[in-house]
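Below, chain A partners chain B and then partners chain C, in two separate complexes.
What follows is the complex of A and B.
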């Protein structure tokens, strides 16, 4: 059973790496949101694996998964709202054209 | 090798592969669909790990979320079909290094520690749902309600940000 836990956590690590690459390398706001979604999906995989293989009798593990799913929904809603606002004012959601946001 | 390991590796490899496809294809619609397949494979992994409720929830929620994302892709992209093969990346080398270092660090953290005793049996699906319901409406009520309030606030904030009039409309 330890092998299953290792496999699930390694897949979580792979999803995190792909998501990090996407969030850093993409110039389009919607693609950056996709990268962040993959990073959060990696967290979901880890949480379910920890619950299943270490503490299956503890329902708080599943509760954390629901909280991360809520974070995913909030992140997408706010991200798309910013994208709509940006598209309405500038006609583009390309982050290369948003250098004025830099502090 | 058990059947669970085989299915876990299959769906896990599918999730990572479709995650890579998201950033490799030029078509934004294909990107959204690849992310949908990746999230569905993750939902299937949850089912393999006997978290039935979470698996079904993940698949249903992500199917809706990625459909919305595909619509936004078509709305906002200059080239949603990817016919022009535009390069929409920057700082590629830095991103590859960050992803690679993140992967190596996470894999080391996974494989080096001793994770302690592994649980063999899980409660039945019905028992899991009952336990989760009691957890959410009992000990974790405050956290659960905070999440609900956060979603409500985000919905109102997202609507307000999206409908704010632009410079031309203000005149």
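What follows is the complex of A and C.
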């Protein structure tokens, strides 16, 4: 059981590393969002693994995962909406050019 | 009743008409005064039958205004009317050429009307009103030449002196009305005891002010600043007489104590103002002092219980003194002044006027058979017969000697100097004066009839009193004629020329306390001022402290906070680059730090 858990956590860590690299290295907004999604997916994998192997009789873990998935969907919708809106107004989603958020 | 109204109304209406129309002053004045004189004469004849005429007018509630013509008031009335008529006749000549004649005659007529109202008054309210009116009219008349130096102050002085004394009259009359419950004079005269004494003394104060008795004699001499006809009128039958008339009318009521006070005031005044007259260096002022002295003698008679003697002397004196003043006015016209040095010898230039003046002067000194001989004898007899004879008789005799002395001196001065040049005849002046001189000479023979008319009997003195009177009169005249006042008065000369500084009584009683009060008020005022200023200064310093606290502490704190907040915001902004990657990287670093801290927890917990 510990072994399976370790495998799942390793997969989660790998996913997280890929997502982090993507988020930090890409300049395209869509790609950054995808990186962030990967990071979140890594967290979900870990969560599911802990629930499945350590507390399988606790339904709260499943519910937590489902809520996070719903939030991810919403967040993605907002993120892509921003990307589309920016593409329409500026013709590009390159974040190196977007400095309007500077205070 | 018609005559009574006419006596009062004809001068009043003539005066008002004159002041309104301002033209033909002599005609209107003579008409008004003449009609009043005729009416007074008719009134006197009308009540000879013994009946009294009364007019009742609506006045205060339960206190109607009354005018009453009894034998006594009718005699006063005819006296006023006679003197006023002569004086107006004289004034027509005297005031010739003066631009303000309408004002002069108008005020004069109002004055006469007020005096008629006073003597004919049947109730105390009317007395008060008339008293006020004569005071006011005399103020206007004395101040007639108000443009000249000192005239306005003389008028004000006369007004203020008599007004101060009027306070006594007011309170006295209120005591009388309050005690008797009615304002009718004849009813109030029935009261007796303490209220009568109190009221009598208060009335005496009022009379002292108006009749210029010591210590309030000073204003009378200063009132000489007015035109001479005014002086003649004021001194003989009107203003100054008002005090004596008041006391004569109130005499039946006065108890022994009040009578003694009246007699002593009169006696002291007779002597002191006699001395002042002797030391005087101005003819009109001499005559003024003499007036006060003669009224002093009248008060002696009232005090001795013989108001009729006072009445006789009042009548005699009215004719004599107005004649003397009118004579003095003629000399004044000739020499442009009334100082005795200026007038020296003025009598020689006008023998006719001087003769009239001399007759009046001798009459005043009490030589037979002229008017004041009889009246002065009556006064001396009354003084001799009264309970207070030891005090009153010497004072009355001394007053009589002094009367002779100052008249003798005046005659001497007028006759002895160089005659100077004769000037144009003055028929009108002489006519007015002649009437009065004639009266002064012969009035005495009418006194018997007068006593009969008033149905009173003046006790006939034995030989001793006329002898005394004649002796003091002649002695006084001789002293005055032959002996210079400096030798006669000796050490009394300087004080008498200064009016014995008895006006100082007025100063000490009223002026100095007033000044002291004023000074105290000033000190209080300054203290209040300082206190107010101190409060103001304290408030100002509070304000200053508040302002500095506001700027230095509160603003400093608030603006400093604001500046720090701005600075902090600037610093925070420098962190913001706008690069998403950098933000993300910072986020990752932050999370890593948190994770490290959490993982390191077992190490430090």
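The rule is simple: the second predicted complex is superposed on the first by the 103 of 103 C-alpha atoms of A that agree within 3 Å, B and C clash if a C-alpha of one lies under 4 Å from a C-alpha of the other, contacts with A are read in each partner's own complex, and residues count from 1 in each chain.
Here, contacts are C-beta pairs under 8 Å (C-beta built on N, C-alpha and C of every residue); 3 or more make two chains touch, one makes a residue touch a chain.
Note that the structure is a prediction, hence the values are computed from the model and not measured.
**Q** Based on the superposed arrangement around chain A, label chain B with chain C as either clash or fit.
**A** fit
**Q** Now for A:32: first (chain B), second (chain C), both, or neither, which partner does it touch?
**A** second
**Q** Is A:96 contacted by the first partner chain B, the second partner chain C, both or neither?
**A** both
**Q** Per the overlay, which chain contacts more chain A residues, chain B or chain C?
**A** B
**Q** Is A:20 in contact with chain B, with chain C, with both, or with neither (first, second, both, neither)?
**A** Both partners, chain B and chain C.
**Q** In the superposition on the shared chain, how near does any CA atom of chain B get to one of chain C? Answer in angstrom.
**A** Closest C-alpha pair between chain B and chain C: 7 Å.
**Q** Of the residues on chain A, which ones does chain B touch that chain C also touches?
**A** The answer is residues 20, 24, 27, 29, 96 of chain A.
**Q** Which residues, counting only chain A, touch chain B once they are in their complex?
**A** 1-22, 24-31, 33-35, 37-38, 41, 44-45, 48-49, 51-57, 59-60, 62-63, 65-67, 69-70, 72-74, 76-78, 80-85, 87-89, 92-94, 96
**Q** Under the definition above, what is the set of chain A residues touching chain C in their complex?
**A** Touching chain C: residues 20, 23-24, 27, 29, 32, 95-96, 98-103 of chain A.
**Q** Once bound in the complex, which stretches of chain C touch chain A?
**A** Residues 572-573, 576-581, 584-585, 588.
**Q** Flag every residue of chain B that touches chain A in the complex, lowest number first.
**A** 2, 4-5, 8-9, 12-13, 15-16, 19-20, 22-23, 28, 31-32, 35, 38-39, 42, 45-46, 49-51, 53-54, 57-58, 61, 65, 68-69, 72-73, 75-78, 88-92, 94-96, 98-100, 102-103, 106-107, 110-111, 115-116, 118-123, 128, 131-132, 134-136, 139-140, 143-144, 147-148, 150-151, 154-155, 157-159, 161-162, 164, 166-167
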